[in-house]
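Each of the two complexes below includes chain A, the first together with chain B, the second together with chain C.
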Partner chain A sequence: MSSVSESSKPVPAKRKLAAKPHLVQDKVFFGVARAAAVGAVGIVGLILAYLLFMSWETLAKQGFNFIFGSQWTAADPENMIFQIGPMLWGSLLIAFNGVILAVPMAIAAAYFIEFLATSRIAKIATTVVDLLAAIPSIVIGLWGVGVFTPVAAHWAELLNQNLGFLPLFKNEAGSFVGSPFIAGWIVAVMIVPIITSVTREIFSQLDRDVINAATALGASRSSTFMKVILPTSSGGIVGGVLLGLGRALGETVAIFFVLNLSFEINWVDVIEGRGGSIASMIVAFFGAATPEEVKALIAAGLVLFVITLLINWLAAVIVAKAQPWRK
Partner chain B sequence: MSEQQTATTSLPRPDQSPWQVRDSRKTRNLVLASVLPAIVSAAIALGMNIDATIAMLLIFVPLQLVSAGFVGYRIFGRKGIADASLVIFTIFFSALVGVLLFSVLFSVITEGAKAISPQFFLQNNVYITSTTSLEYGGVGHAVLGTFIIVGLTTLVTVPLGIALAVYLTETPSKARGAVRTLVQAMSGLPSVVAGLFVYAALISTGFTKYAGWLGSLALIPLMLPTITRVAEEALRLVPVELRNGALALGAPSYRAFFQVTLPAAKSGIITAVLLGIARIIGETAPLLLTVNYANNTVLNPLESMAALPTYIYQNLDSANDTSLQRAWGAALVVLIFVGIIFTAARLATRPKTAKQKVDKNV
Partner chain C sequence: MSDLSNAANLSTIEAHLRSEDVNVWFGERHVLRDVSLTFPVNQVTALIGPSGCGKSTFLRTLNRMHELIPSAGFAGRILLDGEDIYEPGVDPTNVRLKIGMVFQKPNPFPTMSIKENVLSGLKLSGRRGYDATEIVETSLRRASIWNEVKDRLGDPATSLSGGQQQRLCIARSLAMNPEVILMDEPCSALDPGSTRRIEETIEELSETMTIVIVTHNMQQAQRVSHQTAFFLAEDGNPGGVVEFGKTEDVFNNPIDLRTNDYVNGHFG
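This part shows the complex of A and B:
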């Protein structure tokens, strides 16, 4: 601006300070890292592509009834019908059941650890929650069969006796064992630590100044929780819940042992002893399956994979948005 | 705190000072409010012979809410009622989590201890039927099988996961966000689908029969996200100045990484490996679909092998009292391994004592 003669010179392009690897070793080093990234993308892509390739025949033959119908007959080779409606609905029902039971427990545990407990108790509680996350699902399944099923069946009976007029707690079969209610509890035990650890991390990264400011303005514990803590951390909590939902949908062996698989669709009778789960169905059926049946099971696995992939992708995006410090 | 304050001041304090939260009457009220409901509801439940669950939910919790709300009202006014309910609900649900975990651990330890004996670790499952006495047979073959299968997976996945973490932290690539999201989405891959993939691709096509290495293959996508996430966080914690210092001294990127960044992040990387192992050591469904069972001791990963989770599955499936005992025993063995791994991870992340001593001397 100051002098005309200088401005007539072409302005040099902004210099970019990027070092390109010129050593062979550096090229190898970054090449390996890039190859790993390509490999990880490849693994997911390969699994998805192969499952799609294998299940194409079933999906084309069964059409939309594969998802909505409720018949599974492989006996007649001329007319094999594979439909996973009850299993898909059962998976969703159990997962939602588990999430509904787990969310209050998880948020309460996270709030307890971060805001109520003394630092020593909080440390112990954090270790306990981490340990709960590490217990393998088969051990939870064993506990579910040996210890928890009688207890939960008793709870279900009480619900039925006292709240049986609600359609949710109807039970005409008379048996309370093997119900989606029990499977939901088992799933809840497994996803509580996941939701708790995400929520706890979100709580611990909250700006303490904001909370102190609320207290200074005269807010009580409950109004701080409702008006400050929950609104600022809701995104992260939703992400954690979705992560738990993804885990709940994929849960296999624990549900296999506590649930009574049935191809009759069970809409909302959560305490009746029949339900479905895609993952458990795969384990239950693959051993004695004909080649066509295997393809149908793969198609069922593909449906499950696509659902969990969508949920987890959504959860990852939400959690990443809610945790900008993770950049 | 309050006594100290009254001791150092000569002025008489006003009766109700907002900053003086604790006084003896309030403490007494608090203690009464937290003890009375339990006593009253226990008395009612025992006296009228009401079911424990109903007594807990319909008598104890409401009574506790009312009494806590009353004390909250006495101390803080109207706001105190909401505060008290929040605290009561928090403690109730947290206690529920604690009870569930305690129940799992307690039953595994007490039931498992009945099956544990020296030969339970040393013998395998040959000639063992579901009614054989617990004096014979054990999980020795399954422990070895788990070590081999998990070891093979670890050998492949650890370099891959660390390289992926390097890609996510050290390279300036634009695709990092997408790759990170994809790896996180991979952590939601249902384990049964991973097993089914290997089963469909390699077993049902007739390429090979059930084999241990197929199990390792199926476990890779389950272990990779855990290792990558933890290793990435460990590498991210290394200060940028360290890296830049190494580069400014003329080190090429690979030496800066191997000689500066990696040693600085060593404990985090070890934690990543341990957590990855803990993630897959109890996976059952993929092994069921790819490895199947073996009752004898198999050390060749090209054949069907035994593993602890499938051993539990096998015994739980036959649903006999003795085999259930064996399942509990094997579950205790798995939990012991998980516990060892967790303790090791804790020790790895703890700062070294020698370093602390040096810091203190300075």
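This part shows the complex of A and C:
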């Protein structure tokens, strides 16, 4: 018996295959697509390079205290101190606040649209939610300060009166305006659309047969939701939530309008009338900033950028890990 | 529709599940007309007929899955042990506990392990105080998959082959201890070997439960079923039962010419 590998015939030469575009229009198309892709990556790289270049001096001078300290004085040219601790923490606190408020609303809206509404109502609801995303940030900020702040301050007062024994709902200063709680609501309004639309997309891709299987086993709608729909879509929903979180962290103008910026760090007193936000701080200080201060503000922007990149990367990892059954 | 005289042969056997003049609509469209069938205790009934004639739709009226489609309309009665499951006081989730269902495509819960899938019905319907180990083993044995999975109960259900997944779905249904199992073309997505195993399982199960199976496979209907109903929908008319009787009669001595043509592969 002769085996295939013992054959004495020479291996034929490799032939040319048409894997790469060879028609002229294909080559042009390929070139344009590649240029766009390289360009997008290049722009991000250039932005990062510019930020690093501008931030270098501040970061070197201020050291770790730039991130962890709580002082900002540009008055004395001999001894300028730039530290963004309360702003960085404030950005995170407001973003978490917003996400915690937005997630239940978004999931409920997505569930309603996908599983309860007739197709006509579903279309209307989808349009309304998408419209919410189209409202300019500045308009939400104006609405936030003019209309929503008094309402939310009242809610905060009620929370304080009834749940004030929890550290979370302490309020010593007596002012309920300008708090991370209110800024959190504003952020929630702005990220509900993105989380709703990601969640709706995930729900719509669920295998209806799997949901029918639960029903056929005698499950109620609520237990089907809790034990089948949510676990099956959790990875994708977390991805949507992190996208929302990224947006919440970067939100500038709307928060600038409703938040009372303070360099005294506010750890968890969400209904206390002071807080921080890197993006709002940049807006607030930029106009009157000295050249040194501008560099420090750009460094603050760099920190925000890096955190947002980390969150996006985390989103990708979680989405991939949480749904191993999806290829 | 035509003569149902073969059904007379069955009237002596105790009726377990029975449909009386079932009519179904989707929106304005009338898709099933006057379907009256009797499913006796511990018998396998095959529903055959060309695709689109309403077999799946009829099957879903039997456990009230039909009404989950927003445009669904229904008339007639479904009697389980003499009680109409469409009576206003009846909770559809309770009906589905007594009448289990296996779908065309294997659909285990992808986030759950093999063991969790078997117990999923108990969890989903909020039951308590059961012996999990015992139920898992019994159900998997009854679905003839125990030996293949007993050492890997914690593995994801999606790690099983298609045929194993379908038997797991049968086990999942059996864990609820239903009186009746409905199967909608349970082998149409499976290879011949897996199909054979499922047919053996159906045979064993029919000793203790009533089974209704939709199949487009004529040999399968003859191998597994005691009685057969032939459904047909002609020229835009609603579908209905052309012939219903003992399986050997329907296949070897059909009364209706259309049945004869269908079972001999002349159309459909």
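As a working rule, the second predicted complex is superposed on the first by the 288 of 327 C-alpha atoms of A that agree within 3 Å, B and C clash if a C-alpha of one lies under 4 Å from a C-alpha of the other, contacts with A are read in each partner's own complex, and residues count from 1 in each chain.
One rule holds in what follows: contacts are C-beta pairs under 8 Å (C-beta built on N, C-alpha and C of every residue); 3 or more make two chains touch, one makes a residue touch a chain.
Because the structure is a prediction, the values reported are computed rather than measured.
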Exercise. Between chain B (first) and chain C (second), which, if any, makes contact with A:223: first, second, both or neither?
Worked result: both
For this session: Would you check which partner chain A:215 touches, where first means chain B only, second means chain C only, and both and neither mean what they say?
Result: second
Seminar exercise, completed: Winner on chain A touched-residue count between chain B and chain C: chain B
For this session: Considering only touches as defined above, state whether A:312 meets chain B (first), chain C (second), both or neither.
Result: first
For this session: For A:285, decide between first (touching chain B), second (touching chain C), both and neither.
Result: neither
Exercise. Is A:143 touching the first partner chain B, the second partner chain C, both, or neither of them?
Worked result: first
Exercise. After superposition on the shared chain, which partner residues are touched by A:118: those of chain B (first), chain C (second), both, or neither?
Worked result: second
Problem set entry | On chain A, the residue positions that both chain B and chain C contact, one per complex | 220, 223
Problem set entry | Partner chain A, residues of chain B touching it in the complex | 51, 53-54, 76, 79-80, 82-83, 85-87, 89-94, 96-98, 100-101, 103-104, 107-108, 111, 160-161, 163-164, 166-168, 170-173, 175, 179-194, 196-197, 199-201, 204, 220-221, 224, 228, 247, 252-255, 257, 278-279, 281-285, 288-289, 309, 312-313, 316, 324, 327-328, 331, 334-335, 338-339, 341-342
Exercise. What residues of chain C sit close enough to touch chain A in their complex?
Worked result: 63, 65, 68, 70, 93-94, 96-97, 100-101, 103, 105, 107, 109-111, 120-121, 123-126, 156, 158, 169, 172-173, 176
Problem set entry | Parts of chain A lying in touch with chain C, wherever the complex brings them together | 118, 207, 209-210, 212-220, 223-224, 227-228, 231-232, 324-325
For this session: Within their complex, state which residues of chain A touch chain B.
Result: 18-19, 21, 23, 25-26, 28-30, 32-37, 39-41, 43-44, 47, 50-51, 54, 104-109, 111-112, 116, 125, 128-132, 134-143, 145-148, 154-155, 158, 162, 189, 192, 196, 220-223, 225, 243, 246-247, 249-253, 257, 279, 282-283, 286, 291, 294, 297-298, 301-302, 304-305, 308-309, 311-313, 315-317, 320
